[in-house]
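For reference, the structures are reproduced in the following blocks.
Each of the two complexes below includes subunit A, the first together with subunit B, the second together with subunit C.
The block that comes next holds the complex of A and B.
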């Protein structure tokens, strides 16, 4: 258990509304080792993003959320931690990257000011000047030319790809042990997305940061992740090493998901059944039953 | 900043607004130097030269006790502007805090604060101000208090709406995720994004506060004699229309200029700040 950085067991989530309880997650268990890149793949509304929010402890604050199961981070049960300790993890040990980099930066502050705040979060006593030099070197790490100019710019003056790099640099600024990437770069075009993903992979590999990569893009997942979990309607349906899972998908839903990717060589948009009884078959775990 | 000014100067209407506002503020600030008869702002009597139509040196004529109308208008501007600034200086922080809290915190805070705001908005403003002035003494301070009580809900509602939409933005979620406090998110992240709307409304409102304050003193509930006030000057002069027309026309024009100027400037700001987003 201690060799897992993040260990989620039988996590269930339901939202309470006027009509009663709406179940969103039906008991998912996943884990991430140190330095490992794990992908969580599924369609919209399958429960990918709420899982990330539970790890960060954002949903726990919501009075309508009913959560059961356990989330262990670095061997500690997050539920058992005091609120203050749990809050202290955010932005220091755990950080996150979002879909739309441009809206994730506040338009009224320069990148430099926002970078400074991120660095202060990790090291409250940091000097203005030291923060400046650190920000410059972090921006150089994500291959940003003229980091000084970027630090003096407002987010809307930079391109989406630039903002994405800035976000990556900020997310890794405090050397987190876990990076949650929620469909990073979905709002960007494909070439820029590929560049930033390469960059991100290099950076996390060099620093040994674990990544939980949330996506619906199978191509990206295949290139990026070591292991893949496939989630469908709040249940994990298949889990395995990336190459193993992509070469021999065994669950009907995973197969359907792979068939759903349009080919660049043509052949039209694939026909996929909206609902198939096979999709709800139980979890197939390649590591447990090869 | 330079860009803001160049846009401001490219539109003739906003130039007029800027000039009018500039004139009003300038005459209020330097009334002591511009006014030909500075002592006439108080209880001065000069029966040798009373109720005279415009002539040199009394270019706007003299009132019923022989005081220079022009000098009194300059000092009345000073009172009106001060009232406007003080009212907004109190009303805006209250309204902004209520709006931010209701918009960002949501739930019960939203319900209680915004329904309270609705209650204030449902009372006709002049009636509320009149009743406050009626219960308390009709002094300048109470006048400001009365106008303030009816003004903050508009800011609460404005900021509430902007906050609701800004709270959906990614940067708010990002701030929550790195563990920023609610206080930080409300005042450091969301508030700066509300500033354009607030500044625009404040400029527009300065004109309206002056108008409301004049209405109150027109009804005899505002600034009391002998302090010069545009509203009470219009009210007094109204009894002597049309013969002593200068007693009413010049203070009325003074109100018009101030309100019109702030409105044009506010509209110009709205266009400039709106196009930024």
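The block that comes next holds the complex of A and C.
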């Protein structure tokens, strides 16, 4: 039906609580082509992370979540897929990288054990020894100097940057076609974050993996993404190719977001309006070259 | 030295210090409470000379530190003195009564872990659903009544109104008790190859052990549940879910082990506390155990027996704690590796 790897149409999400329904996403539509790196940018609470979790089907398990709209992955409607089939996609065709690498790895198992389980997801019949060899080569891909030592370690024995590399290697281990990166490395310091992002970009470009990159950090997005969606309070407000959007931001919210980045040359923390009527203006869609 | 051995040595030496402290304390307390042990033992008809003779024999006329010195001297020879209640060496009494209590407590401990932890896991996994609510009500009931109340209720329900289990005792009267080898009836009957006697012993121990375990089951279920619920909010659980591992696997493998670390200490303490709680359960079910013996000797102010019983119970408590510490070190790599790192 479409040549998009991921095609989200009019996605709405509401949570039911005692007061009634609270709508969090008001109908967002976005798509990702094969091999494309797309960013979803917005402030915290704008609905970025829940979008990622809906794609993986994690939110659907919450009894309080009300979801409508459609998510197509590789041409298949994810809602129409049986739970079992959808579960089978996770960790194999779609994988995810989380914000804080150290607390996203289980503290009571070694990296090797956890890596093994991930590899078994992709290939249940894999032999223990083959899994070990494969883990070592995957860790070498993310420039980890002593893979054997890292595999024998527990997450708390490694640095945040090292754990981030491990998580990237795990996420790419089963050659997924879509990688969702939810604020990757936000918990790390900026130099380490930059290193691991470079590494991740090289790896996904080499493998042709599509990426949904979720971030609030415009600088990072500009370096990383081909295309950008800006989200504000559960609505997409601007969409375009990265260079176009950064050169000619047209939506008031996007402009405010860009002005909000503190300059290294000084000038203090920028003044940003808490709320502006302009922020809720409808979506501005830049021309995208086919 | 391997880290586990170092941990063991450290805990053992602390335990010995604790035991010395306990012995001094109980030695003093038993002697300062009013009442003359020699008079109680000999009865109202004994002459003053007889009482004085016994007091002399028990060194009761010496200052208390001298008495403690005698106690330590005898203790180092493995002698805890003669019980005035049974007129036998205290060590013999303990050897006779301790296995029955340990057997009861161990079976209750198995019930506590075998029922409590799985119930807690299920409760956390089906959080907010009917299964969770049912389990929470049951575990609250278990925690809120002391074990002797459960002993009476269970006896009424399942031995009297609905005679599924025997009312009291360790083994059916019609069966011959096998030769005493370990003192543990469940083991001895098996060693003797006497299957009917073994089954009868199992049949007899279920109700008292369950009564003793019920509050522990409730406690273990509640602790496991709350720790699991907390663990379920950790990022590594979401990561496991994002890799599509089945819910059962996430519960039993990814969430359970980190959650067990804080529960285990309390479960260990509960286990040891059952030694004390066993007394009323033993009384209700006419169980020939050490707790019952302990109460008798306290009522008779039988000094040697009091000190001996308390020491044995404290030692068991400490041993259980050491085992729990080792288990935690095994499960929690942070502790295991920290022990290794020390000079």
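The definition used in the following text is that the second predicted complex is superposed on the first by the 286 of 290 C-alpha atoms of A that agree within 3 Å, B and C clash if a C-alpha of one lies under 4 Å from a C-alpha of the other, contacts with A are read in each partner's own complex, and residues count from 1 in each chain.
Methods note: a residue touches a chain if its C-beta (ideal position, glycine included) is under 8 Å from a C-beta of that chain, and two chains touch if they have at least 3 such contacts.
Values in this document were obtained by computation on a predicted structure and should not be read as measured data.
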item: Subunit C versus subunit B on the shared subunit A, clash or fit after superposition; value: clash
item: Touched partner set for A:56, first subunit B, second subunit C, both or neither; value: both
item: First (subunit B), second (subunit C), both or neither touched by A:154; value: second
item: Subunit B versus subunit C as contact partner of A:29, first or second or both or neither; value: neither
item: Partner chain in contact with A:108 - subunit B first, subunit C second, else both or neither; value: both
item: Which of subunit B and subunit C A:195 touches, first, second, both or neither; value: neither
item: Clash with subunit B (superposed arrangement) - responsible stretch of subunit C out of 24-32, 60-68, 132-140 or 186-194; value: 132-140
item: Those residues of subunit A which subunit B touches in one complex and subunit C touches in the other; value: 56, 58, 63, 87-92, 95-96, 98-100, 103-109, 118, 121
item: Subunit A-facing residues of subunit C, complex; value: 128, 234-236, 238-246, 254, 257-258, 261, 331-334, 337
item: Subunit A-facing residues of subunit B, complex; value: 107, 169-171, 173-179, 189, 192-193, 195
item: In the complex with subunit B, residue positions of subunit A that touch it; value: 56, 58, 63, 87-92, 95-96, 98-100, 103-109, 118, 121
item: In the complex, subunit A residues that touch subunit C; value: 56, 58, 63, 87-92, 95-96, 98-100, 103-110, 117-118, 121, 154, 156-157
